[in-house]
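Both of the next two complexes hold chain A, though its partner changes from chain B to chain C.
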Partner chain A sequence: MSAEAPHVKGGLGQSILRKEDARFIRGKGNYVDDIKLPGMLYLDITRSPYAHAKITAIRTEKALKVPGVLAVITGKDLAAANLAWMPTLMSDKQMVLPTDTVMYQAQEVAAVVADSRYAAADGAAAVEVDYEPLPVVTNPFKALEPGAPVIRTDRKEQSNHIWHWETGDKAGTEEAFRSAEVVVGQDLYIPRIHVSSMETCGCIAHMDSVSGRFTIYMTTQAPHAIRTVYALVTGLPEQNIRVVSPDIGGGFGGKVPVYPGYVLASVASIKTGHPVKWVEDRSENLQADSFARDYHIHAEVAARKDGTVTALKVKTLADHGYTDAAANPSKFPAGLFHIITGSYPFAKAFVEVDAAYTNKPPGGIAYRCSFRVTEAVYTIERMMDILAHRLKVDPAELRLKNFIPPDAFPYKSALGWTYDSGNYAGALKKAMEIIDYAGLRREQAEKRRRGELMGIGISSFTEIVGAGPSHTFDILGLKMFDSAEVRIHPTGKVIARFGTKSQGQGHETTYAQILAEELGIPADDIRVEEGDTDTAPYGLGTYASRSTPTAGAAASMAARKIREKAKKIAAHLLEVSPDDIEWKDYAFRVKGVPTKSKTMQDVAFAAYTNHPQGTEAGLEAVDYYDPPNMTYPFGSYICVVDIDKETGQVKVRRFVAVDDCGTIINPMIVDGQIHGGLTMGFAPALLEEIQYDENGNIHGGSFMEYLVPTAVETPHWETAKTVTPSPHHPIGAKGVGESATVGAPPAIANAVVDALQPYGVEHIDIPIHPWKVWQIIHAGAPKTG
Partner chain B sequence: MAVSARPIAPAASLSTRSAPVVRIQVTVNGSPISAEVEPRTLLVHFLREVVGLTGTHIGCDTSHCGACTVHLDGKPVKSCTVLAVQANGRQVRTVEGLEVDGKLSAVQEAFVEAHGLQCGFCTPGMMMTATALLARNPNPTEPEVRDAIRGNLCRCTGYVNIVKAIQLAGKKMQANPTGPGGSP
Partner chain C sequence: MIPPAFEYYAPHSVDEAVALLRRFNGEAKVLAGGHSLIPLMKLRLAEPAALIDINRIPNLSFIQEEGTHLRIGATTRTNDLLDSELLRRSYPILPDAAQEIADPLVRNLGTVGGNVCHGDPGNDLPACMLALGAELVTVGPKGSRTLPVSDFYKDTFVTALDPTELLVEVRVPKARARQGSAYQKIEKRVGDFAIAGAAANLLLDASGRVETAGIALTGVGPTAILASAASGALVGQSPDDQHLGHAATLAGTAADPNSDLRGPAEYKRAMASVLTRRALDRALARARGGG
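On to the complex of A and B.
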C-alpha cells in the first residue's frame, strides 16, 4: 500500500466530526451521577445558615431516626481521625467539617449517610445545630481595618491579611510616572462569579475493605494530582488508589479543587465499607464551591502626549473568602496576573496584590481562564480605552500605535514573561475590516446627533497559557508537565492515553488528529482515553488551556519517538539502511525513490511479526512533555452595542472575534470553543455576579438570581482567525479554550462606556446591568463634546 | 472515629422502606413500566434511578436549566418539576427514545454535524426541546429557535451551533418526513 495522498484522513486542520458525540446524543454518556454500584449509599450535607457563628451543639438523634439513615458524621468525628481540616493548594487549610466555628453561609456542618437519596436529604434536614452568631466581615477593605473581627483565629498572625505579593521594577516605575506627560488611573472591581458548569460536582467513593483498594469516581479535571494528594493526606498506598474521572459535564476550573463533599464520601465509604455517592445540588454548587475573580483593582497608566504608553502600576486587593484555596501554580499566589502589560511594550511596570480573608466561601479558581489572566486583560484593555478617551484619540488607533510589533518576538515583557509569537496589528486590522469599523464610527456619529446611544468596544488581548515549564510551574510540588502514551497494534490501529481530562473540549477527536498527522494513520483508527489513573500516564490535568500545549505536544513527541523506531523496521522491510529512509507524505520512503515506501501500518504489522533482529518487538512510546515556554494566544474583538434609553438595556448588536491560537487542529472545534468562551465572557460583563449582604447572606446562590445567559440574551457570535504558530510547540498550537472568556468582557464594557460618552462616563464596573445604565442616563442631561 | 452505624438493608434506590408508596404505570419510550414509588418522587429520579435511563440529566434545583427535559404525552416538560405519580398512565419519551431501530433522529444527526454539543450534559434536554419545536414548526427562524430553547441552559457552546443544529434538523426532517424523530 502506498500513501501518495498529501493528506491523512482526520489529520491537522480538518473539521472532522467528534468521536465523543456518539454516546452523548444517545443519552449514553457516563457522568458521575449515572454510575450506580451494588450496595451504594448516598451522602447529603447539612449546611450553615450563618456566615460566621460558633457551633454550640450538634444533635444527630432525630437524623438517625429517619428511616434509611445509617450514619451522621460531624467535625468532632473527623477531628478524632485528624481529618477535620485539609490542606489547600496554596499552603492554607480548609475545613472538611467545622469542630467549633462556621465561617461562611452554606458551609458544610454535618454529613448524613443513608441508603437512598431521599433518606439522606431527610436526614440532613433533621440534623439539629445550635449556633451563636459572630460578627461578620464581607468587605475585604473592612477586613483589613484595625479592630476588624479576626476570622481565622487558628492562625498565629491573628489578622485577616493573608499575603502580599509584588513583582516588577518599583523604583523605575515610580520614576516613569514622575516624568510622565499623561497619567490615567481607575478603580475597577471584578466581582465574584461562578463557573456553573451544567453538571455540578460529585463522586462515588468506594473502599474495598478486603483488598484495601480505594476507588473514587469523581468530577475532577486533574485525576492524577488528586490520587497523589489523597495518598499524601490519608496515608493510603498510592498503588491502591484509583481515581476515575468519567464524562465530565463542563469544568471551567470549578472541578480542580478538592471539596469537603469528596472527602466526606471517602470517609463514609471507609467507615461503612460500601460505595458512597455524593452529588451536590445546583444551589450548593453556587453557594459553597470555589468562586472566581473578586479582585479590587487600582490601575494607573503613564503615557506620552502622543499616546505612547510608558509605564503601568497596579495595586489590587484580593478577596479570598475564609481560606486561600485558590487553584494557582505554587509560586504565583495571584496567578499569572502579571501578564497585565498585555499587548503593549510598557518599559516599566509594577504590580502588587494583597489578599484578605472574609466570611465567604473560598475559591480563586479560574472561570475558564489561565490563573487570573481575565483580571489582567480586563484591566489593561479598560485602561487603554480610558487613556484613549483622555487623549481624545480613537481606541483602535491608540492600540495600533502601541502594539508590540511582529518582529519583536520573542518579546520579553516588563514583568518577565517571554511572549512566543504574535501579530497583534494583524488581528485588529482584520476585525476592523470584517466589522467595517470606519463605517460604524460614521453611523455612531450620526446616531449621536439624533441622541441615540450606540457604542463600539475593542479588546486586543494577549493570553498566557499552557502551564508550564517545570522550572517555574508546579502545583503542590508536582511539576506541570503532561503526558501521552501511544501504542500501535499489529493491524495498524492505535490506542493513546493522556494525563489530561476533557470536560467537553473534544480531546478524543483532537488528540487523534495530532496523532493521525504524525503517524499517517487515519483518526478513525485512533482511540483516545483519559481520566483513569490506573491506565493513563501521569499528568496534571486539563485547565488553564494547557491540554494542547502540553499533552498535545506529548502526543507529537511520542509519535515521533515511534517514528524513530519504525524507521528502522521500514528500512529492514525495504532492505536499505535506515539512513536511506525518510518520513515524507505520511510514509517511510527510500530517499530519491519515493515510490519505494512502507506505511506505518506496514511497519506496525512487522513490529509484531517480522521485526529486525536486535530491535525490541512492539511499537509504542510514552512522552512526558515539559514545555520550554508558555504559549501566548491573542486576538482582537470588536463589539457593537445599542442601548435603550428608556430601560437601560444593553443589546450586543454585533460581535466579531478574531482569534490567533497558532496552528489549528480542528477548525470546527476551535470555533465551538470560541463561541462558548465568548458567552462566558458576555455573562460576567452584563449578567453574572455573586454578592453578599453585610450579614454574609449570599445573593446569587441559585439560578433564580445567578443569571447564566440563555440563548435569548446571547449574541450571535462572528468568528475569524489569523494563524501565527508557536515557535516552540511541536505543531505550533497554542491552546484556545479560554481566549474568548478572557478577551470578551473588556470589549463589551468598552462598548457600553463608549455608548455612554455623551454622559461623560469613563468607567462602569461589570456586570453592567440595566439599572446601572439607567441611573447614568437619568442622572442628568448628556454632556456635549 | 465514632460513626454511628446500623445494619444496612438491601439498598432501595429511592424510597425509604417505611414511607407510603403508590404503584404507577408509565409508558417510557414505548415500554410499559410498573413500579412502586413514594408520592414525592420526581419524574427525573424515577427515570434515572428506577427505570435506569440516565440520559435525562439534572442540572439545577429551581427548574431553570432544562437538562431534565422529556416529553410527557408529546409535550416537553422539565421532569424535575413533575412528580412520577403525575406521569401515571401516560407516555414519556426520553433522549433514549429518539433513536428508532438503530437509526438516529434528524435532531441527533444534526447536533453532531453542526457541533451542537461539547460536554454533552445539556444535550439530551436540548434535543428533546428541539424535537418538540420542530414537530410544531419544522422551519423555525433563528429568533424562534432561540426563544424555544430559552428554558435550556448550555454553558459550553454559546448556543450558535445549537441554533444551527436545530435549523439543520428541520431541513432534514422536511427532506425525510417519515424518518425517526419526526413526530413527538
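On to the complex of A and C.
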C-alpha cells in the first residue's frame, strides 16, 4: 500500500502480528489445566481393557482405601440419577459409564475422585472390574453381515446398521452410466485418524451449592451450545449455568462433542460440593476421544472419450464405532459429503452412505474439515487422476478441460449446492506456473527412462464452509447463525464479543482487523473476547471454517449498524444534516468538503458527552448473522515426490499451494493456517492411522504408534493466492482454516501413484507407508506401454 | 500417565549405587537418561519400587582412547557421540547412529549405557556395538566383570546384566588404519523405532581385501542381531559388488522380523539387506579414506 493511500492501522489485508501471541509465546496462556480453584478435587477414569465385554462386578473397596481417594462413581450410581446414558449430537446415545456392557477398548468404566491428581490415578488403578468377554466386531462390513454379534442391544433394531442416507438423482445417474463411453471405478478407504491437538480435553466443574451456580471451565469449541444442552439435559436453569472456554490448544473438531469425562466431573462436583478437575492424558485422548474419517468408499465416474465427465456415483460405508457421536448438522448424517462433485460440472450424481456400529470408540467428527468434506475431496480428486490415467491424458489437462468455468457462478451442483464464486482454472494455472509443471513433466520423462521414480500430483479442491444458513443448518435444533456485540467506549476504544471460540486461529486479531476496517479505529484499540457464556452473545462456536463467514460477517454488520448511528452524531457535531454526511476514508465527511470531518473516535466521545437530543447515548450494536449461503473456498495444490526404489520411501520434494479464500483479512494468519493445514493433510497421506486388531485392541493409541509428523518430515510449503471474493459475504471473505487439510491428501496420493505409473498402479490407500510402495515395486518389473 | 509411587535415590558413587541395587535385589531400576524407563513407568508397564539415579556419579561420562580400546562411559549422552571429533574421525558408525536416535531433546538426555543395556531391539547402539565387537564393563556386588556384547542380548528386554549390576563402560577395540564403519537406518518418522537398521564395520588388509568384518541389525528380531554368516563371507575377500551383495543377502537371511505397523516381515527382511549393503558401501569408502 502506498504511503498516501488512506488506511487504518491493522485494517484488512495487513499482516499485523497476532494479539494473542504475546501471551502464548511467553507461556502465559490460560488453558483449562492452568486453572486452579480453591478446594479443587481431581478425577481420573478406570477404562476397559476389552473392546466388548459384560461387566459382572465392579469392586471399589480397594480404590476407596487409597489415601486421598474420596469417592468412586460407577454406572449404577449414574443410572440412579438417569445419567448413565447421554444424547449425542446426532440423536444417538452414548454411555457416560456402563451399567453392564463395555463396547470399545479404553471405554470409561468408573471414575475416581481424590484430593490430588496422584491419588486419583492410584485410585483408578485400584478399581477392580470383572469382565466376561463378548464377540468383537471391528470391521463394518462384517458388522452388517447376518449373524454378526449385535453391539447395541439397547436399541429396538437388533442390528448394527445405524442409518442409510442418499441424495441426488438415482435414476438419472444410472441412465448416464448406461450410456457412458468410459466408466472408471475404485474402492478407497480413508482410515480412522485422530485430531491429536496439542492440548487434550478436560474441564473443571464447580457446582456452588449456596448460590446454585454451576460453572464449568471446559475445552470446548462451542460453549453456548454446551450450556443449552446442559440446561436441557440436567434441568438446571440456564442463567445459573456458566460455560467458560478459556485458551484452547487446538480443537479441529475434536472439542465439539461432550465427552463422558465432562459429565463425570460435573456429577462429582455436585456430589462433593467441590470444584472437580478432569484432564485426560495423551493416551486417553487418542484412544477414547472422537475419531475422524473411517469411510469405506466406492466411487465411479462416467465420462466421454474426450474426457468430459458426465456422472458420479458413490456408495459409502461409514464406521461410527459403538455410537454415532459425529458432530454434523442435523439434516446431514454424512455431513457435507455431497460436495463430492468437486470442481467439476457433473450433470448427474448420486451418493449413498450407510453407517454401521463396530466395537470402536464413537465419533466421526469433522477433523479440520467442514463435515466430511475431506472424504469428498479425496474421492473426487483421486477419481479424476484415475480417469486421466485410464484415458492416458495429463491430469492437469483433464481438470482444465472439465472445470466449472468462472462465468457459471453462482453454480448449482447436481447434488444441490449453490457455489458462490470461483475461478478454478486460474488457481491451477497459477500453481502450474509457479512449480513449472511442463518442466517437471520433462524431468519425469527423462527420469523414467533412467528407471527413477518421480511423481507429480494435483488436487484442485472445492471446499464448502461457513455453516450455515438457518433454513438448512442446525445442530440439535440450534440454528447455525453467529454473533458479534461491539461496544465503542468514550475514548474510542472497543470491546467486541463473539459467539465463536478461537482455538488458535487468531480471532482476537482478525476480528479486530475487520472492525478496524469498518470503524476506522486501529486494531490495537479493539479488544476481542470470546468463550464466556456470561458475557459473549449466543453463537454456535468455531468449527467447519465458519467463524469468518458467520461471526466475521456479524462483526461487519454490527459495525455498520454503529456507523448508521454515528453518522447522526457526526452530523450533529459538524452542524449539517445526516444526509450531507458520507463515510469515506475512515471518517465521516461533509459531502463535497472532505476536510470537514469527524473520526469515529470524535463521535464516540460525543456519544457519551454531547449526544444529540432525541438520540440514545452510547455507541454499540449487536448482530446475529444468518448467512444467505455457504462460502466455497477453493485452490489447486501440486506436489512433487521422489521415491527410493529400494526402500519404498516417499520424499515430498516440492509442494505448491495456491489458495483462494476470497478477501484476505491477514495474509500472515492465512499463510499460517495453510502451513498447519497442509501439515495436517500430509500426515494422513503418509503417516497417521489408527488400526484395530480383530479383538478390538487399538494400534496407534499413543504417540509411540500414532505418528504425527515432526518438522523433519514436514515438507517446505510454497504458498500463493488468488482472490475471488464471496459475493454474499459483507467483506467477501470465505474462511480458510480447513482448505489445506482437505486439499493436501489427494495431491500427495496422486503424486505417489503418478510416480508408480510404470508399474500400472491406479490407487494406493493412504497412509502410503514405505512398505506399500515397496510391495508394488517388488511385485513386478515395470510394465511397458 | 502417572506412575505408582516409588522411592528415589541419587547415589554419588558406583559402590553406593551397587549397594542400593543389591538392597532392592531386582526391584529397583537404574535411571540414567530415562527416555525408555519413564514412559514405561507412566504407562504402569514398569512399576519399580525404587529408582537409582546415577546421573550424580562422577566419572561415568567420557569418550577416550586408552591402550587397545576406545572407552565410553555409561552416562555419556547420545549427543556427545555426535560432538566427538575422535568418533567422527575413527569411529564414524557411532555419530551415524547418534544422528538417527530420536531428536535433539532425547539425545541431550539419553545415554550410551541406557541405549546399550535396555535390551530393546529398536535401540540403535546395540547393533553398532555388535559390529564393532565391543565389550561391556559392569560392576556388581561381586566386583567388576567384562562381557563381550555378542553374549549380552538374550531376548527382548532380557540381557546378561544381573539386576544387581551396573553397566559402567563400553569398550570398543581401537580403530586401525584401513578400518571403516557406518550405520544406516530407515524409519517411518523421526523418533519412531527403526523399520530396520544395519551396522557395518570393515577392516581392510594392505592388499585391500577384507581382514575382519562386523555386520549387525536393528529392529528385525527379538534383539539386535549379529549377522555372523554375512560378515564371515566377506573375510579374506575382495570387497567388490558381488561379495558385498552376497553379504547383504546373508544379512537379510539373519533377520528374524515380525510383521507390525512398520511393515510386513518380508519387507523388513528386504530392508535389512538393502541397509546392510548401504552400510557396507559407506564403511568401505571410509576404510579407503573417503567419507
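Simple rule for what comes next: the second predicted complex is superposed on the first by the 780 of 785 C-alpha atoms of A that agree within 3 Å, B and C clash if a C-alpha of one lies under 4 Å from a C-alpha of the other, contacts with A are read in each partner's own complex, and residues count from 1 in each chain.
Just so we're on the same page, a contact is a pair of C-beta atoms (placed from the backbone, for glycine too) under 8 Å apart; a residue touches a chain by one contact, two chains touch by 3 or more.
What you see is a predicted model, and the numbers here were worked out from it, not measured in a lab.
In the superposition on chain A, A:P770 makes contact with chain C only, not with chain B. In the superposition on chain A, A:A125 makes contact with chain C only, while chain B stays out of contact range.
Between chain B and chain C, more residues of chain A are touched by B.
Using the contact criterion defined above for the overlaid structures, shared-chain residue A:E646 touches chain C, although it does not reach chain B. Contacts of A:L41 after superposition: chain B is touched, whereas chain C is not reached.
Look at A:L687: by the touch rule set out above, it reaches chain C but stays clear of chain B.
Once the two complexes are laid over each other on the shared chain, residue contacts for A:P87 go to neither chain B nor chain C.
In the superposed model, A:S283 makes contact with both chain B and chain C. When the two complexes are overlaid on their common chain A, residue A:H699 makes contact with chain C while staying clear of chain B. Contacts of A:I73 after superposition on the shared chain: chain B is touched, whereas chain C is not. 117-118, 122, 281-283, 702, 704, 710, 712 are the residues of chain A that lie in the contact sets of both chain B and chain C, per the superposition on chain A.
Looking at the complex, you find that chain A touches chain C at residues 117-118, 121-122, 125, 281-283, 646-649, 687, 691, 699-700, 702, 704-705, 707, 709-710, 712-713, 769-771, 774-775, 778.
Interface residues of chain B, counted against chain A in their complex, comprise 1-6, 8-9, 11-19, 38, 40-41, 45, 48-49, 53-62, 64-65, 67, 94-96, 98-99, 104, 108, 111-113, 115, 117-124, 127, 142, 145-147, 149-163.
Across the interface of their complex, chain A is touched by residues 1-2, 4-5, 39, 43-44, 103, 186, 188-192, 195, 261-264, 267, 270-271, 274 of chain C. Chain A meets chain B in the complex at residues 17-18, 20-29, 31, 33-34, 36, 39-41, 60, 64, 66-68, 70-73, 77-78, 80-81, 114-119, 122, 195-200, 247-250, 252, 267-268, 271-272, 274, 281-283, 503-506, 668-669, 671-672, 674-680, 702-704, 708, 710-712, 714, 716-717.
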